[in-house]
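Take a look at the structure set out below.
Chain nomenclature is as follows: A, B and C, assigned in order of appearance, with residue numbering initiated at 1 for each chain independently.
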Amino acid sequence: MIDPHEKTSRPARTTDEPANGMMPPPIRRITLDSQPTVALPPSQDAVAIANTGDRSLAAAGRPTRGVAGPERMTISDLSVYYGDNHAVKHVSLPIRQGEVLALIGPSGCGKTTLLRTLNRLTELTGTARREGLITLDGTDIDSLEVTEHRRRVSMVFQQPNPFPMSVFDNVAYALREQGAKRPKKKVLEPYVVDALQRAGLYDEVSSNLDHPALRLSGGQQQRLCIARALAARPEVLLMDEPCSALDPKSTNVIEELIVELRKELAIVIVTHNLQQAYRVGDHVAFMYLGDLVEYGPTDDLFDNPKAARTRDYIGGAFG
Amino acid sequence: MLHRLKEPWTDRRAGLLLGALACSVLAVIVFMLVFIAIKAWPSFANNGLSWFSSKGVVDQQFDAMVNSGLNPSAADYELGAWPLIYATLLTTFFATFFGLIFSLLSAIFIVEFAPERIRRVIVPVVRLLAAVPSVIYGLIGILVLAPFIGNSVITAEQKSSVQFVIPLSGTGLGVAIAVLTVMITPIMIAITVDGLHAIPRAWKEGALALGVNRWRAMWTVTVRAARPAIIAGAVLATARALGEAIMISMVAGSKGFSPNPLDGFVFFFEPVRTMAATVVENAESINAPAMQSSLYALALVLLVGAFFLSLGSWIAKQPLKKYGTRS
Amino acid sequence: MSVPTRPGGTAPPLPPLPLPRSPGGGGRQGRSPKKKRVNESISTWRLTDRIGYVLMWAAGLLLCAIGIGILAYMAFKGVQYLRPQLVLTSPTADVDQSASGGFLDPLLGTILITLIGIVIATPIAIGAATWIVEYGRPTWLARLIDSGIEIIAGTPDIVIALFGLVLFQQGIFGWMSFTAAGGAVFGRSFLTAGAMMSLIALPMVFAATREGLQSIPIHIREASYALGKTKAATIRRVLLPSVKANISTGAALGMGRIAGDTAIIVVLLGASLTLDPEGDVPGLNVLKGTGSTLTSYVYNNSPAGEGNAPQKAYAAAFVLLLIVLALNFAVDLIARSGAKTGLETSRLGAR
């Protein structure tokens, strides 16, 4: 029972909902039972970078790949249109438990759109239209109740967007508002602290949990947003350029966190930073003007890209 | 000197001219306060603090003022304005209270939940309701609503239960509150809708992305953040309700009477007359000095009340700027 | 078993928070074979939320019903009672009000008072707005004027009316209204009422102009200065022309407010039914004289007034409503054709 990985099996979402009628995906066990093979703990790596500022170290000492697990989400032949603008074109991708999928590509190629579609947020945009199938554990996400779906597939945005309330209330937000009743603050406290710790923010804010969240620094705000998402215990975490506004140190903390989290979650991360994609990604998908140009294991894609456009794009980064 | 004629709009002079125009606004306010206060002084001076009390019968006092002629004695200034103040407070409070609930729900409906087809109807409807002159509201109130209430809602027992105190005819507090609510709601809706729209989308999307449903996301994030705008709208609407004269004078029954909450539901059928309505109804007799001073005293109370409400809305709007985001 | 340390330190894993679930919750997957997107289902909401949701719909529909009801009722009554001769004949005092003339004079009075009010309000409002946006020094004065206009916007019209009465009864304003032989100034005329009406329109023109000016990017001003234009010339030739649409919007809204105001008319325009010129300078005599407007006509012909001729009140109210709606429609037209900025926020007509 003390096994920490027990926690990661976390059947909370599913076994708690008999009405849901959904069995916990049996495959998840497999991931949990196998020990992650961590050759070089990324934390040490990150600390080294933070201390020396030597970024080549990051690229060099990276290769700790996650263990590919079962497919949690599957995107097949997904197209998204904004009016006439075909923003995502016939993309098919698997999203696996236990590993990080990194989405790269030039600005405006539809990465954010793709993530928002996975979270069903594009439906809020009046002009947006979607074609193709997205499944979560084999179920078409269109047939899931939308808030229920978003509880399982959570999203962290490009811009940190903490709510204008206290740090504590931010992290407790999802726990308070999701259920049928608002839990008491006493009950919530350990969960909030846990989420903050997992996001690596607790030490910085532990003394002032009731300060307004908007007064945190940009990096702290982003980590707060991650903590907020983690507190709700999603099964898939979508992160849209979580480090775009952060300094190298905060970036390291978050990368370390992502590598840590992938054991229990399926993670999709969008990034413009190819080094970052290389460091945290287990699989990388390269998008260009809405097309999925290339998808493959990180090392393959970076070492010998098959498509010419991929080669051109990553050429500058590791050449 | 010639260049002066050729170039009449030097920057300096343009600045001075525009500045003077802008300052004329302040002059108007100062003059307004001073003139009204001077005219109101005799009434306050002769009554002291009992001006605000309910001494005597207010309507009889007004009659005495009109009959006192051009050289009224100190006794002719006698006025206990409490029934008018009470009526103003009652109508303003209830209309703002109901209007706040009504407008908040409607604004949320417009911003978030209304299907596009209904939204296309409701937005022009709100603008229309905001544009309808108060005299038309009054006309509908007195010709449609009041007869309906007088004939079909108020029962004979209700009429007889208070017949020795006040006759009930249909016009009264309830109709005034109802029409006033409809009058001020569009203002509140407009400001609330603007306020809700001004909240960054990122907050709402952040809440939705966590798997919180739209209703709770709306209330716990968007409405919460838009509180300053909602309060500002409510304060503005309160000012509007406070100063409404014509419509109230048409539908409120026009009696200087203090409705008694102990009468139960009949409370809402009892006639009242607010301060603003009193002024407009007695405007014809304003040449009698005692009457004149009393009316200006009422106006001064209204002016001070409106001033504090402006101050309140100004204070309420301050946190709105803090977010600095309008999208 | 090695436990990778968390960045924030080790903590024993927590059991999942037993969140109580709403009744009927859960996803409804595979419910229908036909492919249909499942959006939010209210059934998963808390009971209070569901009640609130129903109330919200009720409020929205009630609002629609009230608005459409008022419009339809007024239109019905208008069509029922409005006759051409009502609009074309002057009112006459008679025992039987329902047979005594129309409301030509009140209609003219409304038009006249609206024009006077807006003609006075617009330059002052534009001047004040321009000064605040383009000069605005010292800052405290700018802020003071800003809040001053807000105060005027919040002042009840009846207070403004009484202020006008005492102001224009001062000797120096004798030229604006009837002056008795003894030197007592009557204080009531189209001019005095119009002057006070301008205070009602002023905040709206001011707000619209200021919003327009503020939305002009700074580089447009700089481009004008770079061409050697003075600040005054820039304001006159570049800035004000480009906020014309905003000014028109504010003016139209302000005119709607003036046309619909009753309290100032009742107090400041005197009670004569017809236009009652004063003095013998043509043109000025009408302005100096008293009269009535549609609003005061409706008020006087309602059961609350002396006339008590509801049919005429309805007919006049219908015409009044048409005028006000036309002005609001004009706002839309202007907004659609010209104003690029600033109007989105006032789409609902917040003042």
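Criterion: contacts are C-beta pairs under 8 Å (C-beta built on N, C-alpha and C of every residue); 3 or more make two chains touch, one makes a residue touch a chain.
The structure presented is a predicted model; accordingly, all values stated were derived computationally and were not measured.
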item	value
Touch-based graph of the chains, sorted into line, ring, star, complete or other	complete
Between A-C and A-B, the pair joined by more C-beta contacts	A-C
Distance from the mean Cα position of chain C to that of chain B, given in whole angstrom	15
Rounded Å distance, chain A centre to chain B centre (Cα mean)	52
Distance from the mean Cα position of chain C to that of chain A, given in whole angstrom	50
Residues within chain A bordering two or more other chains	147-149, 178
Contacts with 2+ other chains: residues of chain B	213, 216
Sites on chain C at which at least two other chains make contact	40, 44
Touch list for chain A against partner chain C, complex	2-4, 6-7, 10-13, 16-17, 19-22, 36, 38, 41, 43, 123, 139-140, 142-149, 175, 178-181, 183, 187-188, 190-191, 193-194, 196-203, 233, 253, 256-257, 260
Residues on chain B engaged by chain C in the complex (per definition of touch)	9-11, 13-15, 17-19, 21-26, 28-29, 31-32, 35-36, 39, 101-102, 105-106, 108-110, 113-114, 118, 121-123, 125-136, 138-140, 142-144, 182, 185-187, 189-191, 193-194, 197-198, 213-216, 233, 236, 239, 242-246, 249-250, 254, 276, 279-280, 283-284, 286, 295-296, 299, 302-303, 306-307, 309-310, 313-314, 326
For the chain B and chain A complex, residues of the former touching the latter	200, 202-203, 205-213, 216-217, 220-221, 224-225, 323
Partner chain B, residues of chain A touching it in the complex	119, 121, 124, 147-152, 154-155, 157, 159, 161-165, 173-174, 177-178, 225, 228-229, 232, 234
Residue numbers on chain C that touch chain B, as the complex places them	40, 44-45, 49, 52-53, 55-60, 62-64, 66-68, 70-71, 73-74, 123-124, 127-128, 130-132, 134-135, 141-142, 144-145, 147-163, 165-167, 199, 202, 230-233, 235-236, 256, 259-263, 266-267, 271, 295, 298-299, 302-304, 310, 313-314, 317, 320-321, 324-325, 327-328, 345-351
